[in-house]
Amino acid sequence: MTLAVDISHRLGDFVLEAKFDSAGRLTALFGPSGSGKSTLINLIAGLIRPDKGRITVDGRVLVDTQAGIFVPVHKRRIGMVFQDARLFPHMSVAANLRYGLWFTPPAERYANIDAVVDLLGIGQLLNRRPAKLSGGEKQRVAIGRALLASPKLLLMDEPLASLDEARKAEILPYIERLRDETKLPIVYVSHSVAEVARLASDVVVLAQGKVVAAGPTEAIMQRLDLLPAEERGEGGAVLDAKVLRHDEAFGMTVLGARAGEIRVSKLARAVGAPIRLRIRARDVMVATEKPTGLSALNILPGTIVSMKPGEGPEVEIGIDCDGAVVIARITEQSRQGLQLKLGSKVFAVIKTVSFDRANTGAGLPAEVGV
Amino acid sequence: PAHADDSKVTVFAAASLKDALDAVNKACEKKVGEAATISYAASSALAKQIEGGAPADVFVSADLDWMKYLSDKKLTKPETEVQLLGNQIVLVAPKDSKAKVKIEKGFDLAKLVGDGKLAMADVKAVPAGKYGKASLDALGVWSSVEGKVAQAENVRAALKLVSTGEAPLGIVYATDAKADKTVKVVGTFPEDSHPPIIYPIAQTADSKDKDAPAFLKCVESPAAAKIFKEQGFTVLKKK
Amino acid sequence: MDWLLDLTPDEWNAVRLSIKVALVAMVFSLPPGILIALLLARGRFWGKTLLNGVVHLPLILPPVVTGYLLLLTFGRRGPAGAFLAEHFGIVFSFRWTGAALACGVMGFPLMVRAIRLSIEAVDRKLEAAAGTLGANRLWVFATVTLPLILPGLIAGAILAFAKAMGEFGATITFVSNIPNETQTLPSAIYTFTQVPGGDEGALRLTLISIIISMAALVASEVLARRVGRRMDIE
Amino acid sequence: MDWLLDLTPDEWNAVRLSIKVALVAMVFSLPPGILIALLLARGRFWGKTLLNGVVHLPLILPPVVTGYLLLLTFGRRGPAGAFLAEHFGIVFSFRWTGAALACGVMGFPLMVRAIRLSIEAVDRKLEAAAGTLGANRLWVFATVTLPLILPGLIAGAILAFAKAMGEFGATITFVSNIPNETQTLPSAIYTFTQVPGGDEGALRLTLISIIISMAALVASEVLARRVGRRMDIE
Amino acid sequence: MTLAVDISHRLGDFVLEAKFDSAGRLTALFGPSGSGKSTLINLIAGLIRPDKGRITVDGRVLVDTQAGIFVPVHKRRIGMVFQDARLFPHMSVAANLRYGLWFTPPAERYANIDAVVDLLGIGQLLNRRPAKLSGGEKQRVAIGRALLASPKLLLMDEPLASLDEARKAEILPYIERLRDETKLPIVYVSHSVAEVARLASDVVVLAQGKVVAAGPTEAIMQRLDLLPAEERGEGGAVLDAKVLRHDEAFGMTVLGARAGEIRVSKLARAVGAPIRLRIRARDVMVATEKPTGLSALNILPGTIVSMKPGEGPEVEIGIDCDGAVVIARITEQSRQGLQLKLGSKVFAVIKTVSFDRANTGAGLPAEVGV
C-alpha cells in the first residue's frame, strides 16, 4: 500500500497540517493526546472533509479538494475502529458484527465470523445488547465488526486503549496477521510505544497538528528524543532477525540477527521465519569485559558508535554489533566508572526474558484461524 | 355580570345575525346610552353558556328550541321574550348554474342535484338544516335526496359549498343568499312547508343591567326593523 | 355497557369510519412526515423556515380556515383536486378520503414535531460508524436512524391518530357531514351537542371515542416501551 | 400592508388578546407540562397509563366537547370554578383567563409529548455523574436534565403557543366570544365567516394570525438552534 | 480508611460476589475485562443498589440491605471518575470543573481550582465545550471535576486508560499526593500492573465476579501467578525504602532498603522520605560471582529462598537480600548453567535505570500545589 496524505484542516483553534507518504503495511500515527491523531484518521475515513488537500491510497484518490473529488465514506471500503466503540445500541452483538456483511459482495469477503468471534472471545456475548457489555467487551465487538466488513484499508483509533493486557496480547497477534498475511493495509493510532514498535512498519509522529517525523519504525524508534520522556526507555533498537533453530530442551528459540545470535523464549515460528525484535534501551547493559556467572544469555560484542545525553543522569549509548546498532541506556555514573568512549570495544548484555512476546512480533498462536 | 365593563349590556346572539345586529347596535348606541357588547356563536353554545352562568343580559337565538331550552329552565324572563325576526329558506345554485326549478310538491330535486350533493346545514342540529329538511319532507322529496345531502357545520359552510361549486345546489337562508354575489337563488321554499323561521329574543333571568330593557326596546323599535329588513329579514309582529 | 353500545346503525358507521379515517390518515402521513422531519432536522437549505412554517399552519389556523383552504385546493374545482381526479382518479370531495386528508393535514405538524425531536436526538456518530461499514445514506437511515427514532415515530403516529379521532372543524368544512361517507365520530358528537337534550347521545359517542383512542394510546406506549427496552441506549 | 393593518379597535383588541392568551397559556402550562412529562418518562407508578390518557384527552375529544366539559367544571357553577373563585378569587368563566385555560388545556398534550420525548433522550449516565458530585435530584434536574431538554422544551412551548393562536372550538364553547374579553383571533375569524361578505375580514385576520405565529416559530427555531449549538451533544 | 465490602449482585448472567476489607490508603481493583470492576465501583458509589449485602467506609454504613439502609449517591460525598468521561455537554469545561463546588460546604473544600487546572494541563480548554475536546482531554477534565468536589472517598474507574504516557505520568504523582497527603482514600480500578504497583497500598484481584485475592500490594505483586500471563514480568518485589542521600554529581539518589543500598535517578524527595520501589522480576539478573566492568550499579548479595517454574522456559527465583525478598525471572537454561539451587549464595543484579519514575512512587514535581 501507499498512503499519501497532504492535507490541512482547521477545527476551532486547532490546525492540522499533515503531509506524509507511507508505503508501509501498517502505519502508526503516534503522538500525545490532542495532537490530531483522531482528526487525521477521520479525514482518511472520509468522516471529515478537509479544508484543503489530497489523500490517495494505492493511487486511488479518496479526496482532492483541488480536483473537487470526494469519495463518500461508504464507498471507501475502509474499516474503522473508533476510540469509543460506537456499537449500534438497537442491535444484538451478533447483528452488530454482521452489519458490514450486508454491504460486502460475497466475493470480497475474507473474514470469517466464527474465527473472529473465537479470537475476540465474544462468543458468549452474541445475544446481548451493547448496553450490557463492559467497556473492554464493547471495544472487542467493535474490532470484530470492522474486520467482518472485509475492508481494504483498516483504520484503528486506539482500539486497545480500554483493553487489559491479556486481551491486548490476544488481539495484537491477530492484527499482526492481518498485516502480514491478508495484505490489509492498516493505519493505527496509538500513544503506546510498545504497540507501535511491535506493530508498525512505518510511524508518523504527530505533535500539535504537525508531522514531526515520519519513516520506518526502526528509524523512528532509535530516535529516543521523539518519544515522550516517560517512555524513552521503551524505545531502542528494532532489529530484523530470522529463526535459526529451536532449543527444545530449554524451550528456547535461537534467532539470528546481524548483531549475532539471540536467545528468546520458544516461538511458534518455523525455522527461517522472519522475526522483528525490539531491544529496549533500558534492558541493555554495557560490559567492558565478557561477564561470567551471570544469568543473562545474550551478550553481543560491539563498538560504541554514539553517545547522547538522555533524560537526567542518563546517557544513550549506541553499540554497533556487526552492523546493527543496539542502543543502551545507562547512567552517567556507570559510563564514567567504565570509562566508556566512542570507539570502546564493549559487550551489550541483554536479559533473555526481555524478549517477551510483545517485543518479538511472534505472530498468532497456531490454533487461531482467520 | 362578571366581565370587564359592568355597565355594558352583554348580548349573546346567533352568529348569523352579526351584520344586522352590529348595525342595530350602532344605531341604538345613543338611545341606550352605550353600545352593547355582543358575543356571536352558535345558539346551542350560547344557550349552554347561559345555563353555565354566563354574564349575558340578552339572548338572541336562531330558533325557538334553544330559547325554549332556557325558558324551561327559568333562565329567561318570560315577560321579555319576543319573536323578533323571521327568515326564509331558499334553494341556491352557483352563479353560473343553468338550473331552473319551481319548488312545489314532489318537484324533482334529485334529478337537479344529479351526481352532486345538496348542501344543507346539519339537518338534525342546525336550524337552517332542520327547516330545510322539514320543507323537503312536506314537499315529499326528502326521501329521494336524503342520500345526496351534504350536511355542513352551519348554514354559512353550506353556502360555501355551493359558492365554490363543490355542490350544485344548496338550501340556505334568504338573508345569506341575498348577500352572496357568487350564488343565485333558484327558488324559495313555501312558508307553509316548514315551521315558521323565528329568531326570538329575551332578557336572561340573571340580568341586572339597568340598560338591558332599553336595549330590548330599541332592538324592537321601528328604526331597528328598518335595518333588519335591509338585511333581508322579515320583522315579525309583536305578540 | 349495553347502554354504551346501544348505537344506531349510523352511529356504528361513524365509529367504523372514524377508525378507518384515523388509521389511513396516520399511515399515509408517516412517510411524508418522516421525510419532512428529516429535512427540518438535518437539512440546510434555503426556505427551511418557510417549510417549517407551512407544516405548522394547520396548527396555527382555526380548523375551519384549514378546511376551507382544503376545499379551495382539493375540492372538485380546486387545482389539486381537479388534477388528482383527472389523472389518478383520486377524489377527495365529500368522500371519506377527504376526511382522511383533512385529519392527516391537521395531525401533520404534531407528527413532524415528534419525529423531528427524535431525529435530533440520534447520535450522528453511530451513523458515521455505519457509513464506514459500507452503508450508503439510505441504508444508514433504514438500519440505524430509523430504528433509533422508532419511539419518536410511534409517539408521532399516535399523536396523529388521536388528533384524527378528535378532528372536527376542518373535516366538516371540507367534506361536510354525510352519514356513512364522511360522518366521523366528532361530527356525530357535534350534531348531538347542537340539539337540546342531545347531551346523552354526545356523551355516549364521546366515551366510545375515548375508549378507542385510549386503547391506541396504551398499545403505542407498550410498543414504545418494548422498543426502548430492546434498545437501552447506552 | 395598510390594507392588512386597517383593523377596527375590536379587531386590534382581538389580536392583542390572542397574543396575551397564547403567551399566558404557554407560560402557565410549562411547569405542569414538565412535571407530567417527567412523571410519564421516568415514573413507574400505578395509573401512569391513566394519567397519560387524561393528558391526551383534549387531543382526542372534539374541541366543542372539551369546551363544554371546561364549562361544566370551571364555569362559575362548576365545582372547580366555584372553589377557585371562592378561595383564590380566580375566575375563569367568560374572562380572558378562561380563554387562556382552554388554550392551555388544548395545547397541553402537544407540549407534554414534546418534552417527554426529549426527557427520554437524555443520557441518564450524565445525571448519575451529577449525583456523584453531590447534586440531589432537584439539582440534578435543574442543572443537567433541564438544560439538556431545552430544545424539546422550546419545541413544546412553541407548539402550545401555536396551538393557542389557532384554538377556537373549546374557547368559544367555554368562554363565548365576547369582544375585548374573550374574543380571540380565531373567534373573530369565525364571526367573519358567519356573515355574508366576511371573507375579506377573515382573510385579513388569518394573515395576521399567521404572521404572529410564524414570527414565534422562527424565534423558537433560532433559539433552539443556538441552544443546540451551544451544547453539541457529543 | 477502612472499606468493608460484602456484597452480591446479579446483572443478567453475570453474578458479582465480592467480600473483602481494605484499610489501605489506595485500594486497587484489579482484574481482566468483564471481571466486574466497574460494577463493584458503581455499587460503592451508590449508582447500583445491591441485591444483598453491606458496604461500610470508616464504619459509616453506605448500604446495608438487611438493615434497609441505602445512602443516596449525592450524600455519599464520593468523587467518581468514570471510564467514559461523562462531561456535561451543555457546560463549558470551566463550568464542568466547578460543578461540584456548588454542593461542597466551603469549609470542606480542600481542592484548589487553579492548581488542579495547572496540573492537568487544561488551562487553555476552560472555555471550550466537551464536544470539542479530544479523548484524553475529556478524561483529564473529568478527573479535575471529581477532585474539585473535594470528596471524602475517590473512586476512579480506569481514569488513565485513554491518556498517553506523558499525561499519565503527569497525573499519577498527583494521585499519589492525594493518597499520601490529603488522606483521601481512593479506590482505583485498573488492569495495568504498573499502575497498580505504583499507586496501590492494597489490591483486590477480581476474576469473573469473584475476589480471588486481596491484600497489601507487596504481597499480591509477588504472586506472579495472579497477574495476567502477559504482564508477569511486570510483577515482582515491592520494597519500602528511605531516601538516604542525594548524589548531585551524577544526579542520582541513594535509597536504603532492607536489602541494601539502591541507586536510582535523582528524586525530588527530602532525605529520610519514604519511597516505594518496585523491582520488576524481569529486570533482575542473577550472578554467582560479583560482576565487574558492568554498567549495572545495583548489586545486592542474597540467598535463594524460592524457585517456582514460571511461564514457558522461565523460573522465578526468590532471593532473600537481608530480609527483603527480591524476585528474579530467568531462563531455565541460565538456572542450570549457573547451577542455582535453594540456599545458593548469589547476587541480584539490577540496572539502575530500571527504577524509572513509574516504579518509585517518586511523588509530585515540587512546584505543583493542591
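The letters A, B, C, D and E name the chains in turn, as written, and every chain counts its residues from 1.
The rule is simple: contacts are C-beta pairs under 8 Å (C-beta built on N, C-alpha and C of every residue); 3 or more make two chains touch, one makes a residue touch a chain.
Note that the coordinates shown come from a computational prediction; the quantities given were computed from them, not determined experimentally.
Asker: Between subunit C and subunit E, which partner chains are common?
Answerer: Neighbours common to subunit C and subunit E are A, D.
Asker: Which is the least count of steps on a path of touching chains running from subunit A to subunit D?
Answerer: Each step joins two touching chains, and the minimum needed here is 2.
Asker: On the document's contact criterion, could you list the chains that touch subunit B and likewise touch subunit C?
Answerer: Neighbours common to subunit B and subunit C are D.
Asker: Going by C-alpha centroids, which chain is farthest from subunit A? Tell me that one.
Answerer: The most remote chain is B.
Asker: Pick same or different for copies subunit C and subunit D, depending on whether their interface residues overlap by over half.
Answerer: same
Asker: Per the centroid of Cα atoms for each chain, what is the distance between subunit A and subunit E, given in Å?
Answerer: Each chain's C-alpha centroid was found; their separation is 26 Å.
Asker: So the centre of each chain is just the mean of its C-alpha atoms; given that, what is the distance between subunit D and subunit E in Å?
Answerer: Going by mean C-alpha positions, subunit D sits 57 Å from subunit E.
Asker: At what distance in angstrom does the C-alpha mean of subunit D lie from that of subunit C?
Answerer: Chain centroid spacing, subunit C to subunit D, equals 20 Å.
Asker: Listing for subunit D: what residues touch at least two other chains?
Answerer: Within subunit D, residues 64, 68, 125, 190, 193, 233-234 contact more than one other chain.
Asker: Which positions in subunit A touch two or more other chains at once?
Answerer: In subunit A, 84, 132 touch at least two other chains.
Asker: Two-or-more-chain contact residues of subunit B, please, as numbers and ranges.
Answerer: none
Asker: Got a list of which chains touch which?
Answerer: A-C, A-E, B-C, B-D, C-D, D-E
Asker: Contact residues on subunit D for subunit C in the complex?
Answerer: On the subunit D side, the touching residues are 49, 52-53, 56-57, 59-65, 68, 109-110, 113-114, 116-118, 120-121, 123, 125, 151-152, 155, 159, 162-163, 165-166, 168-169, 186, 189-190, 193, 202, 206, 209-210, 213-214, 217-218, 221, 228, 233-234.
Asker: Which residues of subunit C touch subunit A in their complex?
Answerer: 125-126, 128-137, 139-140, 143-144, 147-148, 150, 230-234
Asker: Quick check on the complex: what are the subunit E residues that touch subunit A?
Answerer: For this pair, the touching residues of subunit E are 11-13, 31-34, 38, 83-84, 128, 132, 134-137, 140, 158, 161-169, 191-193, 228-231, 233, 247, 250-252, 263, 265-266, 282-283, 285-289, 291-297, 311-314, 328-336, 338, 349, 351-354, 356-358.
Asker: Once bound in the complex, which stretches of subunit C touch subunit B?
Answerer: 64, 68, 71-72, 75-78, 93-94, 169, 172-173, 175-178, 182-183, 190-196, 198
Asker: Would you tell me which residues of subunit B are touching subunit D in their complex?
Answerer: 2-5, 10, 12, 15-16, 18-19, 37-41, 45-46, 48-49, 52-55, 154, 156, 175-176, 178-180
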